[in-house]
Every structure is written in C-alpha cells, then in structure tokens.
C-alpha cells in the first residue's frame, strides 16, 4: 500500500509539472493582457497532434517535438495576437470570451478535418517503458515530460528575469499602464507574451502525446484544468502556477485513489470554489488580485 | 440600449412590427413542416434561456458561464417529479424553477458576500456548474451518467395537462415560454428594478451611494435568471424525454446558452431571439454542408468562423445593428 | 451635531492613512476639509459615506451610531455624496442618472421623474435630460454628480472636490448653488483645494495633514494660523 | 440558409444523393427500377461520438449495397448527422420524416435515440435501433421502436455467462476480479448490470474492487495502481477505445500480472485503433460482446465486401449491427410490399430472419420491440485481430488463458 501511495504521489508530481507548464501559458497571457484564453485547451491539443504527427511521420520523439511545437505555437500566438486579439485587449470579458470560443471552434474544426475524430496515439516504445527508482516504477514518458517541462519553466523564468523583453513583460504584468508610460511598446510585448503563452501550451501538448491520446474533444478539460491551477495558484503568478500544478496533480491522484476516480475532478472544483471565495489572490499569491 | 428600444417599440411602427412578428411566430406550425417546427422550437428554446442569461449579463453585468447548471436543475426536478412522484409538469416546472432560484441565490449570496467580481465571478459559476455536473453524474437516484428517461407519452395523453406531445405542441410550449420570458424581462427591465439593475451595471459604487440596495438586487437577478433557465430546462427535458448530466449540464451547453444573446445583442430584449435564429440556422446550414461535402469537422469550422466574424465586425451584436439599419436617420450616438 | 466623527482611524496594510480624527458638522453648517493630497480627506469621506470600514472610531449621524453602515444605508439616512473621480452611469441618460436616487427612496415613477427634473434644473442640466450621460462635458459631469446627489433629497451633502479643474465662472455657479442650498437648511461637508472657494463658503475649516487634524476653526482663524500656512496655505494661499 | 423549406429539401436531397453516389453506387441502378422506399439514418457522424457514428455509417452503406445486389426492394438512404447531441435526435428525425422517410435507423447513443423515438412515435414512423443499450428504449412503451441490439442487461448477461464458462473452456479457474468502468451512460449501465448478474448467476469469482473513472480520463495510472493493489486474478474493464489503450499501457508499465483482462460487454478492445495502438501488448485481451458469427457464409461475404470497400477499416460490431439494421428494414419492406410506415411497422413486428450475420438466434421482435435472441461471444485479440474463442460452437481459435505476462512479450 505504501508503494501505491508513493507511486501516486510521484505520478502526481510528474504530471503536475506538465500541468504547471500549461497553466503558466494561461497565466502569463492573463497577467500581461488581462485576457483569458478560453481556447487554451485547444492549443494543448494542437501540441498533442503535432507530437503525434512528428513521431508518426518523422519518428521525432517527444522532447524535440515539444521544442518544435513550442516554436510553431509561438508563431501562431504572435499571429493571432497581431491580427485579432490585439483588438480585444481591454474589451469586455464576454466579448473576449466569445472570441476565444470562436477560436476553439475553428481549431476543433480543423483538427477534425485533418485528423478525424478518432483518438491518435503515439505508437512509440516509450509509451510502455518505465524507470525503476528505488523499487518505484515511474513511466519513462512521464518522467521525460516532467523533466522537459521543468527545464522549460526554468528557461522561461530566466528569460523573464534576464532579458530586456522579458523584463518588459514582467513590468507590463505588474502594471500595464506604467509599462506604457515608461515607453515599453506594449504591442510587441503583447505579441511575445501571446507567443510564449501558446508555446507553453503547445510544448506541454507534445510532451504528453506519448501519454495521452490526442482527440479534439479533450480540449475543454485542459482549459478547465489550467484555470483551476491558475486560480488556486493566483492569477498572474508563475510560482503560483507551478505549485498549483503540482498540488492539483497530486490531489487528483489521491482523490482518485481514496474516493472515486470518476469524481476526482469534483474535488478540484470544490477547491476552486473555496479559493475563489476565501483566497481570491490564490493560495500562493501575494498581491491582492482583484 | 434598453432605452432606445423602448422608444422604438413605443412608436406605432414598432408596435405593428412586433405584432406582425408574434403573429408570424404563432402561425409557424401551420406554415412550415415539422422539421422546421422542430428547428424553430430549438430557436425559441435558446432565445428563451438566452433571455434569462441576458438578464444577468446584459442588464446587470454579471457574467455567468455556468448557466447549464440551472437548466439541469430545472430539467431533473421536472422529470423526477413527473416520473417518480407522478406530478404534472405544471407543478414540476415551477418546482424546478424554485429549486434553481434557491441554488442561484445561494451561489450569488456566497459570491457577493465574499465580493467575487468580474472574471472571478464567471469562474465561480463555472466551478459550481461543473461541481454539480459531476455530482449529478455520480448520483444513482437520478441514474448518474446512465441518464434519466421519461416513459413514453400514453395514448390518452392530453398535451395541455401533461405538457408533452408532438412537434407543434412543443413549439407552442416554447413559444409561450419565450413570450412570457419576454414580457417578464421587459417589465422587470423597464421598471424600477430594471433602473436599479442598470445603475449597478454602470457603476455599482455610485448606485449604492444613491441608496440602491445592490446586494439583494444582484441576488434577485441571479435567482430570476436561474428560475427562468430552469423553466426552459424543464420543458427541454419533456421534449427530449431523456436527461444526461454531461450533455444537459456540461460546459458546452453553457456556451451554447450564451452565444445567442451575445451575438444577438447584449442588454436588448430582442437580441437573444435574433441571436438564436442566427446561431441555430448557421448550425443547421453548416451541418448540412458538412454532410454534403462529407468533410467531418467542416461544420464546426464554419460555425467557429461565423462566430468569429460576428464578434469581429458586429461586436455589439446583430440586433442593435439591425435597428440602426432600419433607422438610418436616428443619431443618438 | 448632525454628524459627529470620533477617533476615526484607518490602516491600509501597514500605512495609517487616518489617525484618530475627531470632527463634527452641525445642522445647516458648511464645513470644509483642506489639506495636501494624501492627507486622508477622501478616506475620511469614504468612511463617513459607508464606502469603507474604519479600523477604529465611530461615526454618528443625529446621535445614532452609524459606523460600518453600508453606503445604501447611509443614503437612506439622508447622506449624499459626490465622487472625486466622476462616475456618471455612462450607458444611461442624464435623466435616468438622476432618477435612481428618487426611485431608491421609494417614490413612484411619476413623482421620481419630477424630483429628478427638479434636481437637474438646479444643476442647469434640464436641457440635457435625454442625452446619454457618457457624452457630457467635464463641467456637465460635475453638475450631474451634484444633481444626482441632490436627487436623493439629502440632509447632509458630502462633496469631494467638485470645484477642481473648473474655470472660475463654472466654479462660481456651484458656489452660488451651494449657498442657496445652505439657505434652504442643507448641511454640507466638502473637500476642496480651491482656497478662494473654501474661504468664501465654509463656516468652519478642518485642516488635515498626514492623516491628522492639525487645525480647526473659522476661515479667519485658519488664515491666521501659522502652522497651516507653513504646511499648506504657504504655497496655495498665495495664488 | 433561408426559411424556405423547399431550399432545405433540395440541400438535403443533394446531400443524400452525393453521399449515395460516393459510397453506394449500385443504388442508382436500383432507384431506376422503381420508386425507392426512403430510409432515414440518423447517426452521430460529427461531435464526440463521430468515430463510432462513422463506423455505423459504413455498416449502413455496406448493408444498402449488399441488399441491392441481392435484389432487395429499392431503398434510398438519407443520412442526417445528430452531432452527438441528444436534442438533435428529434430535429434529425423530424427532418427525415419530412423528407418522406417511411422508416428510420439510428441513432447509436441512447439519449439521441430516445429523443428521435419521440418524434418517430408521434409521426407513427418506425425506428429501427441499430445500437443503443439503455434499457429504457424498449421499456418505455414505444410502439414504433424496434431494437436489434442488446439492452444493457442482456449484454451483461451474455458477458457474465461467457466469463463463467471460461474455466470450463480453459481449465483455469480465476478466484478474484476487479471491475473497472468508464463513468458514461453505457459504462455505467453495464457495470450496474454486472454487479446484479454476478450474484444472480452465482459466478464463483469474487469482485474485490469496483473502480469507476471519468469518460474523459487522460491518465489511468492511479486507477490501475489501485486495481493492482487489490491483486485480482482477472481485470474486467468496461471501456471505450481510448481508455482501453490507456489501461493496457498502464498494465504494461506497472507490470501487473493477471490471468487475463476480460471486458464484460465493453466497446473498444476489438477496434482497429486499439490493436494498432497497443500492438503485441493488446494481444490476449478478451472481451465479451455481441459479435458477428464468423461461421456463417453470409457473414463471410459481408466481411469480404467490407474489406474491399474500406480496406483500412475493421468490420466490427458497430458495422455489423448497422448492416443488420438495413437488412431488417429491407426484409420488412419486401414483406410489407409497400413503403407505407404503418405497413412497415406491422412487417417489422413480424420479422423472423433466420439467416443473418450477428451471432444469436433468429431476429424477431417481442412486444416491447426488443430482439431477445442476440447472443454474446468471447473475443480475444490474437495476432492483432479479434478472434472468436467462445462459445465453442462458433469459435475460430482457442483462448490463451492465463495470458502471457507482458514482460515476456
């Protein structure tokens, strides 16, 4: 039994790291533009399909595929931001919401047309491999995905801290008006932010492609998951998203183990309600968020 | 916006147009075949629940993304009272509305008590809707995910008593609901309460400083909206004869509910109907096209692109645009 | 005293914005709060109006403890206020803006309309009754703030810098209106930077600095008070 | 699109003819011969269930083609997509009835089927249910609904019976089992049925744990971890395709040692997507489902025709039952001698098809409209394809039980 608990905890932490990467993508866009990307899950699924296609066509494994997916989705993010989303920054929430619902529908439609409705699974040996760590068997794909996600998160943090544009993004997130005043061109900052947000989603999608089968209709689940993590961690906070991701990964694992797997996400929603009511800044957010 | 409409329909021309419109709607089953009647029934359904949602968003500025919850509560209450307790939907639907109003008021009370606002309020509604969806999915008494089914309508069915029947019957059921919804909304919105609601939407702090008791008025609008949505859910359950938490109470349904009023025009009385016509017809059209072309996913793509087009080029919605086209000389903006 | 504030204190996190202030406003009196930006004047206002809860201290209206009452309750008790940053309900017409107050008092629609028109007339906005409030000019918005406050038929009026950034002629109109109102027996508490106005209008002046009351008295007293001149009037009084 | 019904009719007809031209070319000859009877088909060819809806559609189209070749009366197939939405069932049915369809086939999922059945019942047009397992479809008193698919209870009865006789078939007697099921409409009904029948049939295997998981499960590691902890001899998962694949992956990764994995009436493991994704690890996975009878000539012909028409697809039960639905309708039309819905209803009620492709007795309908003679087989994936391994009378292979441990593959 102890082994099972350890395994659930380890599995939760590993997948939680990937969840965190997804959530960071969502939170960074919100932090800077105050725009909520309701099509985030669709972007993750896009990454999954990219992972699938890259493996099936060119035998590119998940880690390089994640880099490619990140680049592709970065491009998509910049494109969408410059062409459409920029006009919606500052517009009412319902308007933004419908915009992203429309994105979600278009992307799902394209997925269906290109890939069909059936689940696409990466048929790679890694899907069946495990690492043994002190008697604990861990999925190879999951360990690799978590490690890569962690590296990407750290790289992102370094980028935000040590590059000019990264600092501009952080400044914009802290105070959009202030950033404008000190002369940071918000258009460029916004475009890069949107690119990074989508890149996170895409990379995470490609990383989990050997673990989960890609299917167009998985998307809403990912979106809601990212929301839960982000709210629990505190909207706009990277650290919060990381801790939130790990927390949700582990919590869902234990809820499934101890209560009822079919009801495990009920636990997450209950937690979400509690956090929204009692700690709107998130469990780990310092600043008052509203 | 509310105001502009009032003046418009206040004129003879507006009254004539509105009367003609309702007569046409009333005659639909005599003019069109059952398939169109079924499609228009869905239009009326989405117009009605869209109207209910619009009360909250369009008139008070409270964004709910979890309205499917109230649909589910209304549907399940009506269905369970009918099937397990033999109660006519004449009792079941109001009972569902009452339960939904209480749940809605409870959520609103919690949310406002802890001053949850904006995106956070929207997320709170999603969280509650999903929470209840999973709860209903795992509730054996109502069949869980297995669904809840109504027995077939008996031979000696009296539609006016059982509220169940054929295509025409459901058309008129939703027609009446839509009409009542429109009248109730109009009376609320144009009366004293509506004035307070608008004030809250525009600036809650300023409204409170003028003596508007915003807390109870906000709880009230959520309760009214929930109750109306639940009525729609009850009738919807009678029409389909089966209920499933995942389809009736899922995120997809919540999104479908709010598309019509946003596309039609927020905060207007006719927007939800116009939006519902648009949304349902685009869906019908794109589905046929996808079927014809044999390309699966085409319908979703077209639907998405259409919604994108509307939100990009008519951000205020179709109805205000129509009103402006009909009266090119009015210049109040 | 119509309004009596005692020991009012407000913390924002670790910053003490208001430090144990006492002041009162008698019936029919005009009292002005002056002081540099950040002196805690608006915070005091917000607490009196119920928009903020004090960390300590009491607010009494007619001798009744109304500390922590919400703004709508204060409005029902006859307190009306304007906002420093104007907040017209932009999507509604000017008339509708002025209707909210009377309706909230429970008047029937027809009576409320009459009240609203009367308030607009006093503010000189009757011609604009049907235009959207969002289209008003800056002075018109100020007048709308005032009209909206008057529409609630207040006993005590709280005015937060209504004169700011108005031209002298516009400001004079407001001064005249306020003098009329006082003549009708309305009690007024105002925050004002324009010393010319304060000196001509106020019966009593409360000077605030760093969240503390540093002086109180008639305009003549204050003008003679060295501390005040050093701290505040020293710069502005010369204008 | 306008509100003019004529326009829409044209659109639909065009759609139908285009569809027919693409997939069922021979129909054109047939239609020339006489006035074809219009058969409306409602399936979820888009939306969440599209994968399965499209499999059904292949079965329908193949059925229509084969019937035409066999000289059955002319039929014209009209397809309408239900988008996997329950409320579309009614709209789709009304549409098809408006187009003059005198009989409907559909609708795969239970919610849509009930919704369509209400419209069919009101219009007195028979509905032949190809697939949908909710017991309520034939227990709510519909007079125009005929189901040639097993309701949950029968499905489970057959499955449990197959599992019970497993030990006599193989000489190995498992003692304990873990039941896992996806928490959707179907999985829920089946799992409930298994619980009830386990007692009723006195199966000498103890169910030590029951685990239900969300229909959108992306990850089964915890579920399998929990199942493993119960140390069962057999695992009985009621799945869809995706989760069946996830389960196999987890079993391999967690190196769970079992006598066997047997789905009690579970969709999924016989799908091509499953065997493709799991490869050698998907072999020896068993399932108890209604299935085609591989020993019949008719079946072999249908499979051959299917392989020719859809070389990349597998002929499985969705295809088979949809095929049979067309066969039932064609048979009823031939006997009724007219395309009038009332006559068709009477003819359907009197259906008695001895020679058909799915395993079981003759196709007949009892007073509730249910075919009570559908059997269930024990399938086992061998060499990447599902093979019938039980009951002995139609088995084409021997069951491998206990299965080869994953580590030794």
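A, B, C and D label the chains in the order they appear, each numbered from 1.
Operating definition for what follows: contacts are C-beta pairs under 8 Å (C-beta built on N, C-alpha and C of every residue); 3 or more make two chains touch, one makes a residue touch a chain.
In this text the structure is predicted, and so the values were computed from the model without any measurement.
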More contacts between chains, B-C or B-D: B-D
Taking each chain's C-alpha mean as its centre, the one farthest from subunit A: C
Chain nearest the overall C-alpha centroid of the shown protein atoms: B
For subunit A paired with subunit C, centre-to-centre distance based on mean C-alpha positions, whole Å: 49
Length of the line joining the C-alpha centres of subunit C and subunit D, rounded to whole Å: 75
Whole-Å gap between the CA centroids of subunit B and subunit D: 36
Centre distance in Å when subunit B and subunit C are each reduced to the mean of their C-alpha atoms: 43
Set of subunit D residues in contact with two or more other chains: 46, 50, 54, 183, 212
Multi-partner residues of subunit B (each touching 2 or more other chains): 137-138, 296-297, 299-300
Junction residues of subunit C - those touching two or more other chains: none
All touching chain pairs, where touch follows the definition stated at the start: A-B, A-D, B-C, B-D
Residues of subunit D touching subunit A in the complex: 46-48, 50-51, 54, 183, 211-214, 216-219, 221-223, 225-226, 228-229, 241-242, 245-246, 249, 252-255, 273, 276-277, 279, 281
Parts of subunit C lying in touch with subunit B, wherever the complex brings them together: 49, 51, 70-72, 75-76, 80-81, 83, 87-93, 96, 99-101, 103-105, 109, 131-132, 148, 151-152
Touch list for subunit A against partner subunit D, complex: 1, 4, 7-8, 11, 15, 112, 116-119, 121, 123, 127-130, 137, 139, 142, 208, 211-213, 215, 217-218, 221, 253, 256-257, 260-262, 264-265
Touching residues (chain side subunit A, partner subunit B) in the complex: 36, 84, 87, 91, 93-95, 97-99, 101-114, 116-117, 216, 220, 224, 227, 231, 235, 260, 262-263, 265-266, 269-270, 272-273, 276-278, 280, 289-290
Touching residues on subunit B, where the partner in the complex is subunit D: 32-39, 42, 137-138, 144-147, 149-154, 165-167, 236, 239-242, 244, 246-248, 281, 284-285, 287-288, 290-292, 294, 296-297, 299-300
